[in-house]
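Structures are listed in the sections that come next.
Both complexes below contain chain A, partnered by chain B and then by chain C.
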Partner chain A sequence: MKRIVMAVMLIALFSGQLMATDITGLQVIQNVDNRPTGDDMQGDLKMTLVNSRGETRVRDIKQFTRDFGDVEKKIMFFMSPADVRNTSFMSWSYDDESKSDDQWIYLPALKRVKRISSDSNSDYFMGSDFTYDDLGDRHPSEDRHEILRTEEVDGRTVYVVESVPKDEDYMYSRTVTWVFADTWVGYKKEYYDEDDDLLKILTVEEQEDHDGIIVLTRTKMTHVQKNQHTVMSFSNVTLNQGIDEGKFTERIMRRGL
Partner chain B sequence: MAIVMVITVFFFMQMKDGSRMETDLDEYMPHNHPAFVYSDLAEEWFDIKDGIIIAIENPDGIYNPATLTKIKQITKDLQKLDEIEKSDVTSLYTADNILGTEEGMDVKPFYKRVPESAEGMDELRENVRTNDMVFGRLVSEDETVTVVIARIGDDVFSQEFYEQILELANSYEGPENIYVAGRPIVEGTMAQLGPADMKKMVPIVIAVILLVLLILLRSFRNTLLTMVVVFFSTIWAFGLMALTGIPIYSVSTMIPVMLISIGVADGIHVFSHLSFHISENPTASKLDVVREVLREMWLPVVMTSVTTAAGFISLLTSQVYPIKYFGLFTAFGVLSAMTLSLFLIPAGLMILGLPKVRQAKPGSDNQAGKIATWSTATLLRGKFLVLAMTVAIIAISVYGTSKVWINSSFLDKFEKDSDIVLTDQFINDHFGGTSTLNLILESEQAGAFKSPEIMELVSELQADVESIEIVGSSFGLVDYLKRMNKVMHADAEEFNTIPESSDLIAQYMLLYEMSGDPENLWQVTDFEARKLNVTFQIKSDNSKATNEVIAGVESFRDQFEEHGIQMNYAGSGYTALVFTDLILEGQITSLLLSLVIVILLLSLMFKNFKAGLIGAVPITITAIISFGVMGLSGIPLSSTTALLSSISIGIGIDYAVHFLDRYRINLRANGDTRLSLVQTMGHSGRAITFNAIVVIAGFLVLLFSVFPPNRELGGFVSMNMFTSFAGTLTIMALIVNKTKLFSKDTK
Partner chain C sequence: MMNRTTLLALGAALILLSSVSVSHAQSIDLNGYVRSYTGVLTNEQNDYSIIQNTLDLRMSRSSGKIALLANPYIYQYPNRDLDIGLREAYMDIYFANMDLRIGKQQIIWGKADGVFITDIISPKDLSEFLLRDFEEIRVGVTALKADYYLADNTLEFVWIPTFTPTLMPDNTSIWSRVPEFSLPVVYDYSLSEIPGRLENSEVFLKFSGMSSLLDYELMAGSMWDDDPTIHVDPIMEVGNPQPVGLTLTPQHHRLSLVGGSFSTELAGAVVRGEAAYYMGKQFGANNVRGLPTDVLEKDYLHYLVGTDFSVGSTNFSAQFIQMLVLDYEESILQDEQDNMITFLAYQTFLQETLMANLFAYVGLNNKDALIRPTVTYDFADGFEVLAGANVFIAGDDEVESGYFGYYDDNDMVYLKVKYSF
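== the complex of A and B ==
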């Protein structure tokens, strides 16, 4: 009996070492970044913003995204609240990290499409607790990654990876990501501010499996310091419908759905 | 004696262990008052906070790498402080520049890294110049001054934090000039300066009183006993404060001063009577003398103390807790002084022996008698003159009273040439204003403030109020909407207007959230656009200025009511105003109340209602003159000066009580009103004069204080003591004579 315990412990120890040497932090994050998400996706996004007083705002958005290889294009149409209905937003984000995103907005009351250019991906996305970077715009190469430890969750191995930005002026001093080793799904992330205080926690609350592609359908970002949170919840998700490239144009923004 | 010592030691230990200073001015505020409840709510809705302003001046202009680096470093240093939230620090370094271009909109910080090239510097300068949200707000229009603003919550301010901020700012001094201002700084300086000044002045006050007492009482022993009474009563009062766990507020630092000036009165009168008695019965034994003095003096001592205490107890009607406590503990101290006078002085005399009666005594006594006779005669002869003068002075004072104005200003409490006032002026000269008033608009309807019609009205209101000279600028949702409208029309100035449809307003707000710092939006409106917060920057924090702005805003009240929109005010500038009104209201209530109590007590003590009314005459005159002088000299009613009226009543009544009591005794003895008056003048009149001289001399010392409110206190208490004294010995004496008070008693 004792011998078996010893053996198990040894294996555990060995395998732990093996894993740590087997894969680097960068590789884990790259694997997360490269996890198949389908070529295109469309769905209904419900964005719920709750402030510290418990006041809630809900926005209903129809969203289309398609990956064109070197560029990912996204278009969103606001369905509600009524006074912003048909407002649309389009972004093209490039794999080439030196190239910043192109963004357009169409305000129906102004009947004009305007380009928005922003230097910073640290901007909060539509007043939520998500920045553009948090939504997946950040390149793995922008940070230095290190596996802090591995954990066991429901019998599955989880890598805990710390990412420290190479740019010292970046809004986070570091992030810590929990990644399932078998699916490369990151299911929890902590963001630390410049003083290394916990700023925000991202948690994945629901996910759907679409023919082997895992879609995170409900994510929650809790802003710890401001005591507020945002929930992004997708429904009616369909993948790989072959969304036409012509969908991602200023003309469509103006015309609406 | 032993018991007294034990109690004193006990209270002293309590005081040593349990006392703590409370410097947070927020603690003064009656937070359950409706105006405060609302303001607290609004402060939470819109995250309204007071700002600490650090101004950086470079006479050669701020657009050079060194100054820009300094802005960045100060910003970062402030953000690192635990007491300050990162997003609450605003400067050119943190601000977003939202720019309109031909094809759209550009959002970027003014600078992250300090521009090194001349072109980079020029571009930055141009960006600031063309941005109304920054130019004139964060950078002065002459480009020599820029500010870093750190907003802090009501609860974080402490002495240590205040010093930390000053130290931080000082470390960046040179070649640029660094200035620190803003309400928290003013409050902090005041909380520090007032009590510190008192601490310095009180020993001098005591020394002067000691000296004058020594001269007047001509006895080291008597002076010592009198002062011991005063010190012990002070220790008792502060000991009880510590025992009950009530902190020492800055108002409480005035308690020792009060007790000194009140406490010496008991001693002076007891000793005055003592020497009078000894000179009349030179052969009496020590025990007999003490017993006799006690027998004759216990009643007036108790009466004066009870009436004085009643005057202070009336402060309990105040809604401001520190003032309540001030009244309560001073009253306790007064009663302690009474008890101590009645026990400690006789006990001390028994142990130390009676004061020697000087050889020259009979002669000087004759002289005193002559003075009394002469002054009584003069008084009676000139009674019409006295009456006429009194009426004239009262008439002028009543007129002056009408000019009394209340001032909630903190800055006005400082010297005109003090650093803090000059800094404030400097920042006011370059920017919108260091003081703020928040106007809160509330509608029952969600989305009300997306209506162009209503926003036009708000815009009109802002423009109207801004045209008031002391208003530097105003800021609200209107400014965001105009800016967005302009930006979305390629920065064309003709679109610096309210958007024409409510949908467009909603869409601009959405756009702002997507591109700016959405938190900013929730400082001017709420999620439902049902509430609005408009901030006015005012170049003065005094009540006249604030009221002028409120008057300007109020002229729009009806128009907003037609739209179902309610107006309210919030912010520290407004609550300070309400606070002063409360103090005034409380003062008037407690003044009237104490007058009624005093009249009732006097009537009861003398078993004569007329005596009650007559006894109240000097203090009534004193109060009227006090307010009159305040009005005529333009000294506003503030938290310091407002307290004076109650104090004056409390102290001033003593003169009248001693006078009336002695007069009654004399009248009973000889039945002749004129002779009684002469005797009373010679006996009580002398003691009253001594008492007045001692207290006035003590308080005049405060005129040399470096802190103006303490100077005002010294001046007014001296003046009030003088009027009480003069009123008692002139007009009251005349009335007593004229109305033949107590005459019935003798029959």
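== the complex of A and C ==
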């Protein structure tokens, strides 16, 4: 019996090593990046900002995204609070990694659509703990990825992957991502600042399965150094409804919903 | 300004609206803001520059292909009648590839910040110089606006049947700027109105596009000059060869212009440009005896280049603006070139609840400036307190104090408390 147990343990250990060595960190992150997300998606986004004193502020947004193949377009309409109502934000993200995102914002007080720099990706989105870059699709090739280890979570194998940006000026010195091996869904991510101190932790609290497409419907970003956090909830999610291409235009930014 | 009848009518409208809102709460959207604004001059007496309470309502309704918006406002000042008006009131009609907007509306063109080059459709309200908020410094115009869409390009046509001039401060205002003459003056306003006729319409056309590479606008217009030319005539007396005074006759003249603007991203910064070529501007000029009684028609070029960028978490914006009178003659009262720069820096703190902002206009001709630092704190969602200052700096030239330096005595600090709903 002991020999059998030993043999099973050895097989398990060996297979674990195989799992760890058969796939690279880059492949794990590419699998996460290539996970099906649908051709288009829309839903209501609620951001709850909680500061270090426990005070809460809420921002409501309607969001539409559509994948056009070589470019993913996203448009957001801010519904509340009242002082940002009717503001809209649009971004076009390209598969071509040499091409920066294009971003515009419509400010109703100015009655103008303004192009904003993709350098603002390190800015925090609407005062939340998410930067624009945290919310976007970062190309796997922008970082060097290494599997640090595998872990077991609820009986499922998880890859722990460290990603170090090739651009030394990037806002994070590295990130560490926990990814389920069976679904390629990340469930936790740590962000480290330029001094390699832990800055933020992203956790996935809820997800929904839409005909095999997994949508993260509740995530929490904890800013460890500021002792504050943001919860982002996505509700009324619908996929593949054939959102019209004309939704992602200056016309709709100005007109609103 | 308003009378009691107007006030009663507005009150009745609001009551009616509130009842409609209750019965059709799902389709009528009511929002706006209440604001208290107090400013104090930093002179020895610490005179109030402004004490103003504002109610601004935005009522909108959308039902698929039709949308309506009415934006009434009330300004209340101590010891004055209420100032009530409609900032905008229009309806939108949406077609597959075209939108129509009919009614009183603010129309904003161009890529410039705080400067008006191709952004000349909605005239300006300069009753508080350039200090009013963005929405308040524009005057709505009654217009028909048609937008035809072709992918990411738009062809826009604007027809304005009646002319609306720049709103100037009244003579008792600290922002009033009275031309200085060596002789007594008499004003003649008989030619200052533009009769409401079809031939006096203003028309504008714009073709614009948005793409990954570039956002651009090309425009042309036939309009009235929002700012009147002051025609000066000597007042003569029998037996006296020298004029004893001057008659000043403000008169608006027809202007045509073509222009355009662009913005693009370059090396992590947004680069913007805007230019307009104005044809037929009437410039005041001195006659051979040195009296400012001549008017010369000249074309001029008005343009800017600007950039928006960030360093760390601080955002910056800078613009260089030049107005250049072509075929210039020395007798023209205005400088051949008028150069200006603007500068903006801002940063947010505490989850964007605290924002520090610094905006400045700097006149390069007269070395004068207007510097506007502000700090805004959001105590709660929609409730903000803004503390700021307006600092006017006069140039070295004692005769020509400059566009901003003229108000050197109007330095002020102010507080705005605003609740948006």
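List of remarks:
The rule is short, and it goes like this: the second predicted complex is superposed on the first by the 254 of 257 C-alpha atoms of A that agree within 3 Å, B and C clash if a C-alpha of one lies under 4 Å from a C-alpha of the other, contacts with A are read in each partner's own complex, and residues count from 1 in each chain.
Please note the rule applied: a residue touches a chain if its C-beta (ideal position, glycine included) is under 8 Å from a C-beta of that chain, and two chains touch if they have at least 3 such contacts.
Treat the numbers as computed from the prediction; the structure is a model and nothing was measured.
The superposed arrangement places chain B and chain C in clashing positions on chain A. When the shared chain is aligned, chain B comes close enough to touch A:194, but chain C does not. Contacts of A:58 after superposition: chain C is touched, whereas chain B is not reached.
Look at A:250: by the touch rule set out above, it reaches chain C but stays clear of chain B. Of the two partner chains placed by the overlay, only chain B lies in contact with A:89; chain C stays clear of it. Once the two complexes are overlaid on the shared chain, A:99 sits against chain C while remaining clear of chain B. Using the contact criterion defined above for the overlaid structures, shared-chain residue A:81 touches chain B and also reaches chain C.
Shared-chain residue A:227: touches no atom of chain B or chain C.
Shared-chain residue A:141: touches no atom of chain B or chain C. By the touch criterion stated above, A:169 is placed in contact with chain B alone, chain C being left untouched. When the two complexes are superposed on chain A, the residues of chain A that touch both chain B and chain C are 51, 57, 81, 83, 104, 109-110, 112, 114-120, 123-124, 126-127.
Of all residues in chain C, only 31, 33, 67, 92, 94, 99, 106-108, 111, 133-135, 147, 149, 152, 154, 208, 210, 212, 215, 263-265, 268-270, 308-310, 313, 315, 348, 350-353, 378, 380-382, 384, 418, 420-421 touch chain A in the complex they form. By the touch rule above, chain B contacts chain A in their complex via residues 44-45, 79-80, 85-86, 101, 103-109, 112, 447, 450, 488, 499, 501-504, 506-508, 510-511, 513-515, 517-518, 521-522, 526-527. Listed in rising order, the residues of chain A touching chain C in the complex are 49, 51, 57-58, 80-83, 85, 92, 94, 99-100, 102, 104, 109-120, 122-124, 126-129, 228, 246, 249-251, 255.
In the complex of the two chains, the chain A residues touching chain B come out as 51, 53, 55-57, 78, 81, 83-84, 87, 89, 104-105, 107-110, 112, 114-120, 123-127, 169, 193-195, 225.
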